[in-house]
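Each of the next two complexes has chain A plus one more chain, namely chain B in the first and chain C in the second.
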Partner chain A sequence: MPFFKTPFNGYSVKFSPFYENRLAVATSQNFGILGNGRVHVLDLNPSGPITEICSFETADGVYDCTWSEDNDNLLVAAIADGSVKLYDLALPPTANPIRSLHEHTREVHSVDWNPVRRDSFLTSSWDDTVKLWTVDRPASVRTFKEHAYCVYSSIWNPRHADIFCSASGDCTVRVWDVREPVSTMILPAHEFEVLSCDWNKYDDCLIVTASVDKSIKVWDVRNFRVPISVLNGHSYAVRKVKFSPHRQSLIASCSYDMTVCLWDYQVEDALVGRYDQHTEFTVGVDMSVLVEGLLASTGWDEMVYVWQHGTDPRAP
Partner chain B sequence: MEKAFNRQRVLLEHLRPSSSSQRDESVISASACMAGDSASYQRTASFGDDIVIVAAYRTALCKSKRGGFKDTLPDDLLAPVLKALIEKTNVNPSEVGDIVVGTVLAPGSQRASECRMAAFYAGFPETVPIRTVNRQCSSGLQAVADVAAAIKAGFYDIGIGAGLESMTVNPMAWEGSINPKVNSIQQAQDCLLPMGITSENVAHRYGVTRQEQDQAAVESHRRAAAATAAGRFKDEIVPVATKIVDPKTGEEKSVTISVDDGIRPNASVSDLAKLRPVFKKDGTTTAGNSSQVSDGAGAVLLMKRSLAMQKGLPILGVFRSFAAVGVDPAVMGVGPAVAIPAAVKAAGLEIDDIDLFEINEAFASQFVYCRNKLGLDPEKVNVNGGAMAIGHPLGATGARCVATLLHEMKRRGKDSRFGVISMCIGTGMGAAAVFERGDCVDDLRNARQIQSNNFLSKDAR
Partner chain C sequence: MSLLCDCNGIETATRRYLTGFDGLSWKPWVYISLLNSLMAYEVGNSPPPKPWERAGGTSSGPPPFKPPSPGSTSDVVEASGTARPGEIVSTADRNATVNRTALARPVPTRPWEPNYGNSSYGGGYGSGLNYGTGYGSSMYGSLGGGLGGTYGGGGMYGNNMYRGGYGGGMYGGSGMYGGGMYGGGLGGPMGGYGGMGMGGPYGDQDPNNPYGGAPPQPPGFWISFLRVMQGVVTFFGRISILIDQNTQAFHMFMSALLQLFDRSGVLYGELARFVLRVLGVRTKPRKVHPPGPDGIPGPYNNGNGGGQHYIEGPKAAPSGSWDNVWGNDGTRGM
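And now, the complex of A and B:
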């Protein structure tokens, strides 16, 4: 399957929810520590290499990006300087970004578009807050400030328009309802920093969390004293974790141990697949909603791989 | 830059699991690490091209002229250890790519011939080459390092690093005249100093007292005696069948030597304090706090990890790094204080990562100085005694230390991951090497291989 070489270090990769052959990649210079950033929009070709549709330069590293669920040309990027930028692919490069929202006081680490209501998105930042935005407003709708350390990820529930969860370096995961004034649940998920979380796409009560303690845990929010499942196998911190859009029990993860792993948390030998194509920290992974089994990953080795589960990502 | 520093800090937190309560304000920085590895963060990968030690043996070390090997020829010391490597590992001797022997005092060409003959006595075929190497007191370690480097370079896959010295047959001596221009360069002149004088120089220059030196000697004897009594040297010593001639009657007697004979279990500080300095009237170096003059040999079998796994051989240790450095010849004993940091750095480690040290005790003065200079915990250094008790057959010492260190690390198991061997070198040098315990050792590998299994009890047959 094809790969794409980015000039900067990869930070995140996302499949478009509208076109099965399109994806966006967030990259940062010098491992995101110092320097510029760039968002690439890439197209997969049935036979032949990945082609770049366009790219957007930023003055600081881009840590995450996400596609709008409402408009197939709209892309949001989380920038390390604290800003959130919206890009419209239909407009010429000079007109972009169409909006730059600067409220976070530190690096923005993740952005997630609401898949139910489709008019709003969440950003989480190292300034310990999560912010809720809508496309038509120039300022954030609400700020959620309860975490005591960097918030690395906040993800909408795929069924309920107002519920989301957030993962933080304060070792907790919180579940929020935007109609409530405070968080509705505090989940002390790990002994160490929690770097990522996601909701199950078929059971709206299941959350998966990934941590610096190298483990991945699956939780039921109705009974969160003990995890439903603990997945061990990564040898360094797990950077990102995602439930499959196609199979109820399938989980994809990527880690500082440079691998991408696929898990089935309901079977005893949970590790379903392990891919070691990256030669540096693997920090971004995504599963296509439109093509079952299609995976994409990116890492600090400046590579983007797209492959079908079960095949070798490096195979030509 | 403040921002970059903070970003680096957040990301580094992901790589060092410390609980959130311990998050302090200390300056965290990524340390340069050549091996991509550190002791505190154990690497899981072990590579097929790692150079590993699968066996290391030595003879007992015996006092020269008076001890068990006084009537044993040098080749008869080397042959048994070479033979033991082959017998205990079942490696086909014709697969060995080279044998390198560290040896110091004997005339070069004659010793090379003796070694070649020893290989034949040990049962090696004529196709296996052999050579000698001389880096004075570190020759044995240099031999091991040379073999490791040659395997790494792809010259061959299996090699033996060995050491041999019979100080009975070849006492320390200078032959021929000395170049008169030696007086023009101080350092060249210092190369001619007797080793004892360099020891006095170390004691004087760095203020090591007689009391400290005698204390170190007593401790060395105590530990060596305890190790012998507990049978800790049994794994590494190869018994040598030889003869002893009674000096009075001239009667020849067959004996098997399997115990170091220089160890004095009841050595005490008060006894040692009575000895007179040998090299300088008001000096501190005595026969009691110097290394013993001995005979002995050692040998180490090295190969690539992939090959050891393929052959099902146990992995005793991994050869990680080697460094030789130069120091002032007048205080040659300080060599380990410079060589150890160099070797440890080359392995991508820090001194604190090292769990066990074998530092050759040429003299108590230099040993105590090096230990204190590096701030080493005495409980980690020469845990089974050193050259003051066991002996220092110059060329064999390096190979002897490898056997002692790796067998001790094997006994300690997970508690000791990295070990260092170091020694000072006459004429002002130091050498050191870092070894890692072979943590992939599966003891069951040594179990008898089951040829066929019909899943029936003995009674059913």
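And now, the complex of A and C:
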């Protein structure tokens, strides 16, 4: 599979849940510290280069993006100026963004669309809060404020429409029920900041967390005193972690050590794949829901790679 | 649902029409009652089923969650009584949050809030969940902690707080929410100034009146200055968060840098020695000196020791250690 070069530094990559050859990439100028941002929508061609369908400019860096589960043209971007913007690919660029939501007071670091009920999404921000938005409201429905430091990621449970978990710099992961006033569980998951979390797609009680302490841990929410598994192998902070949509025990992660790793937490030698195609921090990774084994990654080297597990991402 | 999925094109067209996606005005809440009446059918196109949905039930026992509620997310949240639409969390609110337990380490100070946690300004700025209070939910509450003195007290915020929070952006700018929930929504043109402390001049205006009063003026010196300051704070805040996210990498980077400096000192020493030797200047070798022939006062034999061998290290005390650095006894030149 070929690669795609973005003008800015990559921050996040997401496969479309509707089309197996489409993906969105969030990028930020100057490593996201200062400058503009851009969201790219890319098309994969079976033979040939990756082509860009369209792109949207923002006035500040874009840290994350997500596809709507309800509308194949709807894309949400988490912007570093604290806003959340919705884009409709069916509309001309001048009509976009179709909505810009300003409630977070600091950088928005992640956004995730509810895959079960498909009418809402979550944003997590450096203002320590997570916000719940629905497409039928002009303002957020609810704000979850318990974390004592930046919230880096909040992810819906893939089987339960009301449950999500959030990972924060206060070293905890919290499990929330949108109907409850406070969090239902607090996992003191790591000794250092937790940068990412995700739910297992086949066992809705399992959470995987990634931290600055270089480790990845798998937890069972029914008994979260000790982790089920601890995966060591990254040599720097682990930036993003994801459970496979296709295999129960497969985990993908990317790290500041510039690699993308694949893990099987149930086997002895957990590290089942290691890809070092990036030459800078790797901060975005995703696994296709529609094509088993298809991976995408992006990083600060301004590259987007899409490849099949087991093949060389750099191979033409 | 399956019926609709079978005729996906019609369904998509229906949804487009209903939600107004085909036009430039996307106002789904206008159609919400219509949508609700159609809620029996699933309005919206669905992605292909997920692999885990095809796989069936969960594998390991019952989860510790309440069973999911039927209905849309906003309905579910409102039914639970936890909904708080459009809440903006200020610094003071964050300080007051509950259930802050199980922290494995003290939370570091946020870079953009120099006095976070013990700010004497915090209480003053963040009094509000409701938009009516003067300084409530200030976007600039975060700056207030550190730069409160510069503002000269809260008075400059005036009472047009709406604009500070909302003006420049969502509600005013896009016009989508105009005349809506917050009343202050149309204050767009002046929003930026209002928030940044120009409350005095505009303070007594009706926040619902978008065009009344003075036209927006170019920002004055203090406004520009404070904006620049905010930019600087944001800049360093992001760098700091980045370092935070990557503690190990930063540590390694710094130690590598220090090692490099350390090594470069050695390197330059060696280079200098080499150059001097090339130029014909005899310098002191680093290892044990070979004994000089007796009677010839070489540079390493300062006469009083004959064939005394210097090992690197402290020089002979009687003549003063630093005087011997260049190989000659300092007293000889006197």
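Annotations
As a convention for this text, the second predicted complex is superposed on the first by the 316 of 316 C-alpha atoms of A that agree within 3 Å, B and C clash if a C-alpha of one lies under 4 Å from a C-alpha of the other, contacts with A are read in each partner's own complex, and residues count from 1 in each chain.
Quick note on the criterion: a residue touches a chain if its C-beta (ideal position, glycine included) is under 8 Å from a C-beta of that chain, and two chains touch if they have at least 3 such contacts.
Everything quoted here is computed from the prediction, not taken from an experiment.
Superimposing the complexes on chain A yields a three-chain arrangement in which chain B and chain C clash. When the two structures are aligned on the shared chain, A:128 is found in touch with chain C, with no touch to chain B. Contacts of A:266 after superposition on the shared chain: neither chain B nor chain C is touched. Of the two partners chain B and chain C, more residues of chain A are touched by C. Of the two partner chains placed by superposition, chain B and chain C are both touched by A:169. Of the two partner chains placed around the shared chain by superposition, chain C is the only one that A:71 touches, whereas chain B remains out of contact. When the two structures are aligned on the shared chain, A:192 is found in touch with chain B and with chain C.
In the superposed model, A:45 lies in contact with neither chain B nor chain C.
Contacts of A:279 after superposition: neither chain B nor chain C is touched. Within the superposed three-chain model, A:311 lies out of touch with both chain B and chain C [touch as defined at top]. Chain C runs into chain B after superposition on chain A, and of the options 94-102, 112-120, 346-354 or 436-444 the stretch responsible is 346-354. Touching of chain A by both chain B and chain C, each in its own complex, is seen for residues 31-34, 80, 107, 126, 149-150, 169-171, 191-193, 195, 212, 214, 235-237, 239, 256. Here chain A touches chain B in the complex through residues 31-34, 80, 107, 126, 149-150, 169-171, 191-193, 195, 212-214, 235-237, 239, 256, going by the rule given at the top.
Note for the complex: chain A touches chain C at residues 17-18, 31-34, 69-73, 80, 83, 88, 90-91, 95, 98-103, 105-107, 114-120, 126-129, 132, 134-143, 145-146, 148-150, 152, 157-163, 169-172, 177-186, 188, 190-193, 195, 201-205, 212, 214, 221-222, 235-237, 239, 245-246, 248, 256, 281, 289-290, 292.
In the complex of the two chains, the chain B residues touching chain A come out as 3-4, 7-8, 10-11, 13-15, 17-20, 44. Contact residues of chain C toward chain A in the complex are 15, 21, 24, 26, 28-29, 32, 35, 44-48, 50-52, 55, 58-61, 63-66, 68-69, 72-74, 76-80, 82-90, 93-94, 97-105, 107-108, 110, 112, 139, 141-142, 166, 169-170, 173-174, 176-177, 180-181, 235, 238-239, 241-242, 244-249, 252.
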